[in-house]
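In the two complexes that follow, subunit A is the common piece, with subunit B as its partner first and subunit C second.
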Partner chain A sequence: MFTAKVFQNAHLPRGADEVHAIVSVSTTSETKGTATSSGPLVFGLMIDCSGSMGEEGGERLRHAKTGVTEAIAALRDDCIFFVIAGCERAELIVPPTLALAAHRETAREMVRGLCAGGGTHLSRWLELALEQFRRVREATPNVICEALLLTDGKNDRLDALETTLAECEGVFQCHARGVGVDWQVDELRRLAQRLLGTVDIIPEPQLIAEDFRGILGQALGRTVTDVRLRLWCPQGAAVLFCRQVSPELLDLTGQSISGAPNPQLRDFDTGSWSGSDTRDYHFAIRVKPGQLGQKMLAGRVSLVLGGAADAKPLAEAQVLAIWTDDEERTAVIDRTVAHYTGQGELAQAIQEGLAARQSGDADAATRKLGRAVQLAAELGNEGTTKLLRRVVDIVDEREGTVKLRRDIDQADAMALDTRSTRTRRLA
Partner chain B sequence: MPLCPNHHLSEAADFCAICGVEMSAPAPAALAATSGEPCPVCGTPREAPGSVFCEVCGYNFAGRVAPADAERIAPSPPAPVVREPDPPVGAKVRWELEARVLTAEDPGAPRDAAARLFPLDLADHLIGRRSPRRGILPDIALDPDDGISHRHACLRRRDDGGFDLLDLGSANGTLHNGKAAAANVAIPLQDGDRIRLGRWTELLLRIRHL
Partner chain C sequence: MSCALCESTALRPVTNFCEECGAPLRVLAPAEPRPSAAPRDHLEISLEPALAAVSDRGLRHAHNEDFACLDRIRDRAVLVVCDGVSHSHRPAEAAESAAIASASTLAGGGDLAAAIAAAQEVVQRLAASGEIPPGMDPPESTIVAGLVHGREISLAWLGDSRAYFISASDPAVSLTRDHSWVNREVDAGRATEEEAYRQPEAGSIVRTLGGPPAEPGTLVDPPSFASFSAPEPGWLLLCTDGWWTYHSDAALLARLFRAAVRDTAHSASPALALARLLVDAARRAGGRDNITVAVLHIS
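Now for the complex of A and B:
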């Protein structure tokens, strides 16, 4: 069962036109077995088999193989899985198969035989995965499609990625993992954001299996798929942005699904949900200012299954605007809105700070990372502070005074970068 | 389907499905009235519901005290709205309306008011009482008679050049030659017809042959 709750200060001063609200969407386990629940899980594994995976005694590839076989072992009997070995080409090692014991055994043999060699061309891997998901969907609609991509290097061919991602959008979700430190955070982050997945670093190869278990555990918990966030706005209103702000920052603004049934509606894909999910969304809408005393619906947020015009909302929340002269009411910023605005600023400060450090601008890096330290302390992001400490020496947390560390481990900087989009929820 | 205060048809009952305005909210004009009552001395709307003094003349809203020079700043009459007369349909005749005060009807009627003459040269004439704050400036303004609604009735030219009378759902009604006119029903008018409205006003319709 879905529920939606709004956090906002609806009171606006005269002439104000920007409405901000956090809509918190939660599911409870009743989702299971109800009419909304979806079919079985289809899980695709894309494993980097480029030359670098076999270097240093082939440790990365060995652990990746263990990760894959363990993941396959953890699947339920009704799940469907496939494995793609990727280099500059993509090879379908295990075609989509039902996860029966005998099939798992065959798959394990196939994976064991993998060897490293060649480059990295991510869009080829994704295209092949897309083909498999489409085939399965044709045969069994309503399946939950998730994938996992593991790489240790950066994409050789940049040109095709954007178009491939656009094709994959809405067909499957994909989590991206980078092992080691030779991959590009920006690239995998973009991939994961477009395909509604998570991104993370696996600094040491022996941690691969554990990370895969986590992803699979989450994927197995999904019970309902193709959930869309439908935003209604008054005529003439502009959506300044629509962001998922928890559990991870994810800008959905440009990702509205085309072909909404009515120009006042915008649909955003949210992928699949488990029975105990909570996700928060931040909406900023510009409306025509109303008269003093007027109350207006600035947005109606609903959750629907599929994109039908008359889809019955699973949950609904109203974003209001009330214009008043009462300054005591208009001056207050809602606690939740303020918290997530801060979380966004924190992520930006970290990413910009690390980019400045990369380009050799130590002044800008110190300033930005100092601000990040300050924000993390204010917002109570203890995990982020811990990661920041590996990159900077904190002189004064309150003031944001820091010194850049000289001996920064590249893995630590990358971990800070990839995890910058993870937000903390308000208690 | 219900109409929202901005006149959109809306399926939703709580907020308008087009503009988002609350369906039960008063119309914009009425809303403006609640946000600033007019100053009783100069007519300027009160700035904010809580403001103590009138921004223009200094009237004390809280204590209801008029400024010392209240007489000097009496409300100025609204500027007359100049409209181009419509081309007369039959150039030979002119319709006129004479407004008279029936002093015998009401002791409060002004004793020495002269009859006023209104040429009927528009396609549509609003009869009523002025309300600059609500933006109602009738073509035939019968101001001192407060028994007349702001938008009381209208005289509408027919295609044949004659006129119809329509009562616009006025509070106290309209009599046409002694008979009550139903609201929003067109009554064809003839030379010499008498229209009674308000506390003491009578309108006499005349056709002048040129």
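Now for the complex of A and C:
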């Protein structure tokens, strides 16, 4: 069951035209088979088999194989899985297969035989995965499609990654993992964000299996797929942005699907959900300012299954605007809105700070990372503070005074970068 | 298609001369039906860095019965895309003859009405040039033709080949409206879109070049015309149903298109690279029909 709750200060001063609201969407386990539950899980594993995976005694590839084997072992019998070995080509090692014991055993043998060699061409891997997901979906509609991509390097060709990602959107979700420190955070983050997945660093190969277990555990918990966030706005209103702000920051603004035939509707894909999910969304809508005392519906957010224009909402929430000259009411910023605005600023300060550090601009890096330390303290992001400490020495947390550390572990900087988009919820 | 003299395939189908040996191309003016063309499973035309077309057989059909033509006359770009109707007789030749006839009319200074008339005439001559086997319709093709001057886009079409304008941010703007059975029923108020889609005729097109006789008393189907002023820089896309069938959502279409533009921005011939990527995407999505796109950057 879905519920949606709004946090906002609807009171606006004279002439104000920007409405901000956080909509918090939660699910609870289904009571009595309502028609929302989806088909079985289809899980695709894309494993980097480029030359570097076999270097240093082949530890990365060995652990990747273990990770894949264990992930396959954790699947339920009704799941479908496939495995792709990626280098500058992509090879379908295990075609889409029902996860029966005998099939898993065969898959294990196929995975054991993998060896490393060649480059990294991510879009080829994704294209092959897309083909498998499309085939399965054609035969079995309503399946939950998730994938996992592991790489240790960056895309080494100029290729059509953007186009491929656009094709994959809406077909499957994909989590991206980088093992070691020779991959590019930006590249995998973009991939994961476009495909509604998570991104993370696996600093040591020994940690691969554990990480895969975590991803699979979540994937197995999904019960409903093709859930869309549908935003209605009044005539003449403009959507300034729509962001997921928890559990991770994800800008959905440019990712809308037309809510045809009504141009006032906009659909945003949210992928699949488990029975105990909570996700928060921040909407900013520009409306025509009303008269003092006037009240208007600035937006209505609903959750729908699939894209039908007349789909029955699973949950609904209203975003209001009320114009008043009562300053006591208009001056207050809603606590939740403020919190997530801060979370966004924190992520930005970290990413910009690390980029400045990378490009040798020590002043900018010190300033931005100092601001990040300050924000993390204010917002109570203790985990972030811990990660920041590995990159800077904190002189004064409240003032945001820091010194850049000289010899920092690249893995720490990358962990800080990849995790910058994870947010903390308000208690 | 190849040059009659040197057999080179390096042709800009609408110019009057072979690009290799300079021999005049016989196919042009007056429009004659094209003789059975050379194999053309995959056809690429790169006229300028910002103007190109790709036509591809796809994965399921035995032949490519689409065709595209491009040209430029002074400061005007000419784009034509045709889709030979598969249950008709000699569809590939119908599409090719129609595209060439209309593009050369536009390139010769004719207007869109003249271009469609030339295409209609050449398809009729094709029909008259031989026996039509029993059970088959006379040669038949769709057409969408565009004439672009700066940001002013003029279009004419028959059937369900389409034109879109894609800018930097908005959903794709659909510039044509299919001559489909569904649209006709909806426009006439006989059915809602949903009801119409449930009917067995839902997939059929009601106006084309050639084919079975049009409404009683008329010789040819009347084309539709449209014009559009691009409010900002962007791309004009002409495509056959083998492409748009996989991209029917205007927002998703625009996103895929913009992603492909980003991926090809640094290519030596961006428009050709873009057209190739778009065709590849439709092949990957299933490639059930012939796929043709023509793209022009509008600055």
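By our rule, the second predicted complex is superposed on the first by the 420 of 427 C-alpha atoms of A that agree within 3 Å, B and C clash if a C-alpha of one lies under 4 Å from a C-alpha of the other, contacts with A are read in each partner's own complex, and residues count from 1 in each chain.
The rule is simple: a contact is a pair of C-beta atoms (placed from the backbone, for glycine too) under 8 Å apart; a residue touches a chain by one contact, two chains touch by 3 or more.
Keep in mind that what you see is a predicted model, and the values were worked out from it rather than measured.
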Subunit B versus subunit C as contact partner of A:57, first or second or both or neither: neither
First, second, both or neither for A:134, with subunit B first and subunit C second: second
Touching partner for A:360 - first (subunit B), second (subunit C), both, neither: neither
Partner chain(s) touched by A:287 [first = subunit B, second = subunit C, both, neither]: first
Which of subunit B and subunit C A:159 touches, first, second, both or neither: second
First, second, both or neither for A:170, with subunit B first and subunit C second: second
First, second, both or neither for A:15, with subunit B first and subunit C second: neither
In the complex, subunit C residues that touch subunit A: 169, 171, 249-252, 255-256, 258-260, 262-264, 266, 277, 280-281, 284-286
Touching residues on subunit A, where the partner in the complex is subunit C: 127, 130-131, 134, 158-163, 165-167, 169-170, 254-258, 260
Subunit A - residues contacting subunit B, complex: 233-237, 264, 287-288, 290-298, 300, 318, 325
Subunit A-facing residues of subunit B, complex: 14-22, 25, 28, 31-32, 34-35, 48-50
